[in-house]
Amino acid sequence: MTDTGTTASAPRGIFFAGSRFRVDRASAISFIAGIALVYAVFHAVDWKFVATLDFHVLVEYWQPLARGAAMTLGITASSLAVGLSVGVVIAILLQLPIGPLRWLIVAYVELWRNTPLIVQLFWVHFGLPVLTGISTTALESGFIALTLQSSAYLADIARAGIQAVPRGQWQAARALGLPAWSLWLEVILPQALKVMIPAFANLALSFLNGSALLGLLQVGELMTVAAKISDYTFKPIEIMSAVGLVYLLLNLLVARLARWLELATRIPR
Amino acid sequence: MSAGVDGFSVSDSSPATREASQGVPSAADDIIRCDALTRRYGAFTALRAIDFRVRRGEVVCVVGPSGGGKSTLLRTINGLESFDEGSIVVDGIRLPGSRGDVIRIRREVGMVFQSFNLFPHMTVRRNVALAPMRARGVGRDEANARAERLLRRVGIADQIDKYPEQLSGGQQQRVAIARALAMEPRVMLFDEPTSALDAEMVSEVLQVIRELVGTGMTMVIVTHELGFAREAADRIVFMESGTIAVEAPPRQFFANTTDSRLASFLSKVL
Amino acid sequence: MHFHFDTTVIVRHLPELFAGVELTVLLVVVSLGVGTVLGMIACIGKLLGRGLLCWIASAYVTVMRGVPEMVVMFWIYYCGPLILDTRLSSFAAAATSMSLYAGAFLAEIFRAGILAVPRGQTEAARALGVPELFTWAEVILPQALRMMIPAFIGVVTLIVKVSGLASAIGVAELVYQANIVSGQSYRYFELFTAVGIFYFALIFPLSLLAQRYERVLARRTR
């Protein structure tokens, strides 16, 4: 790391006393280590078996897989959307100096942020019906659990975003006599939301991956489909590898979207 | 009226108030009146029973060392800060009062901040036009027209569709002045308007403020620019440790020989 | 609607639940241990490695963070034995996938911690003639480690939460036991509430610790 700067910018052939040797050493070690790793993996893998892999099954079943992927995106996006609205409202309510209300909100947020999603899922789907007598479908339970969790995380993110708006903005808005609704909707929230974008993007990615849990309830998103097809065709490797790739692509898509959003809201100098 | 240490009362030589030249100023001329204003933060007292008056059309500059309470005084006038004792009357509206009173005061009192506090996510035009629309119910076209007029007046008409970030500090502060003026206030408060500016930009902002003085607007300016205070103010107030130590028109103020605190302040700053 | 919170069902099944807790803890500890080692290797690979090694390390981190842990776990459980031609118990599969998962996140945390040490520190040490090894051991790493702590605790909580997934491939940890026991008694609500409270009692203090440490760090760097 120390010589990264010098090697990256140093034109070939220039001799830095003592450092040239170090440059070669790092590259040499990396190369050897890399080759060793590849060799180890190569040796451990049963290539005869790999040859029998039939990736044709992916072509056969591309439609259900595509539908599953679409559902994954849909569930993630909608639960995040609802979670964001609820989270922002909660963050605004947190500003009110009502003691018991703040305690309730903090308890809610901490409860949903510090328990595993899988436990929440089972609790909502199997546990709540025992309490309320109302049975929810797998999709409903999945959506509810995801939304509750995302709202808790987003409440915290929104709180941080609102706090990040400089005090002077509040003062200027008040000094001008802006009514409360204009203060919030036109001055504070737009600035808060802009600050929140990176944290929101991170959350979106983690919920995109988290939605795979819904497969345990057979909700119908990508993981459900993958498990079903693997069982049906007895080709888990092909399916799972492909599904892994699809998730990677979805991740990249969302990350690209987030970066675009950040740039789109930036003000040119 | 407090601390006319040399026995100077404000009425003696204020060029801007013609009616007061007859003699004793009447209370009805006061557009701002603070009586025994006190503000504490725990053990620290920021304002100690301040008596402060400003007449219509008067230009008052408040100077003094940092932490003396100058900004605090300004902020209590438009309700951005509360106070513990005393009372404030602004244009007939009395504080402590209801929330509605504070809102009405804020409509009539414009404030310009040291750090501009422009809304970064809005264009210059929107920054200036927003408050009239939301706080006075002015229609969009009229608000925009007003914005254009005011921005032309402060010399920024060509930047009207830019964002604050794209402007220099001096330009941003001029926009802030236009934004406050858009509400058509009766009083303008300036909280160290040039302190955050690079030296080259101080004069362009002071020029705008000077032009405003010429229109007869009532102004209270907290500033470190003593040269500006000397030529523009009707009265200069020296605040230190939460009290008004000296109040005098510029000539007498700078010729001060009796108040030691003022003397030491002037020697450090001039 | 007649509902009565039956605490006895929890008490009755404490042995099973406790057995589940034991396995959860084992899973978490093993994954974090192996994950830390993997993370360090990957971090070094990304920072100091050139060409092939750097690329492998980056690919590892990107893949593990971009694919849901469930997919990784399933893949290793079903595909591992077939491709590598060995037997794989569900615990081993879960531990392996969770170690890989933890390692990827930790690699990024280690990297961020090291890069967060101001450049001036290394320059000063070098200007004084301190040998490279000591620069790392006494200047860079101590500061980097301090900065990593909140994020590291974050990964610990992440792994605890993720351990519940192992129930899907048959590891008899807490969620698995809760499911079994609930299936017998139909008291899903009480049992999962209890399980939820347990996880909360484990995770919440950790997250508070991380927050407190972050505040301490923020003050120090002022």
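Going in written order, the chains are labelled A, B and C, and every chain counts its residues from 1.
Criterion: a residue touches a chain if its C-beta (ideal position, glycine included) is under 8 Å from a C-beta of that chain, and two chains touch if they have at least 3 such contacts.
The model shown is predicted, which means the values in this text are computed figures rather than measured ones.
J.: What pair of chains has the most C-beta pairs in contact?
T.: Result: the chain pair A-C has the most contacts.
J.: Could you tell me which chain lies farthest from chain B when each chain's centre is the average position of its Cα atoms?
T.: Max centre-to-centre separation from chain B belongs to C.
J.: What is the identifier of the chain with the smallest separation between its Cα mean and the overall Cα mean?
T.: Per-chain C-alpha centroids ranked by distance to the global centroid put A first.
J.: Between chain A and chain C, what distance separates the C-alpha centroids? Give it in angstrom.
T.: 16
J.: Where the CA atoms of chain A average out and where those of chain B average out, how many Å apart are those spots?
T.: 50
J.: From the C-alpha centre of chain B to that of chain C, how far is it in Å?
T.: Their C-alpha centroids are separated by 57 Å.
J.: Can you check the complex and tell me which residues of chain A touch chain B?
T.: Per the touch definition, chain A meets chain B at residues 166, 168-169, 171-179, 182, 186-187, 190-191, 194, 267-269.
J.: For chain C, which residues are in contact with chain A within the complex?
T.: 1, 3, 45, 47-56, 62-63, 65-72, 74-75, 78-79, 82-85, 114, 122, 126, 132, 157, 160-165, 167-168, 175, 178-179, 182, 186-189, 191-193, 195-196, 199-200, 203-204, 207
J.: Contact residues on chain B for chain A in the complex?
T.: Residues 78-80, 103, 106-107, 109-111, 113, 115-122, 130-131, 134-136, 163, 165-166, 176, 179-180, 183 of chain B touch chain A in their complex.
J.: Any idea which chain A residues touch chain C in the complex?
T.: The contact residues of chain A facing chain C are 1-2, 26-27, 30-31, 33-35, 37-38, 44-46, 49-50, 110-111, 113-120, 122-123, 126-133, 205, 209-213, 215-216, 223, 226-227, 230, 236-237, 240-241, 243-244, 247-248, 251-252.
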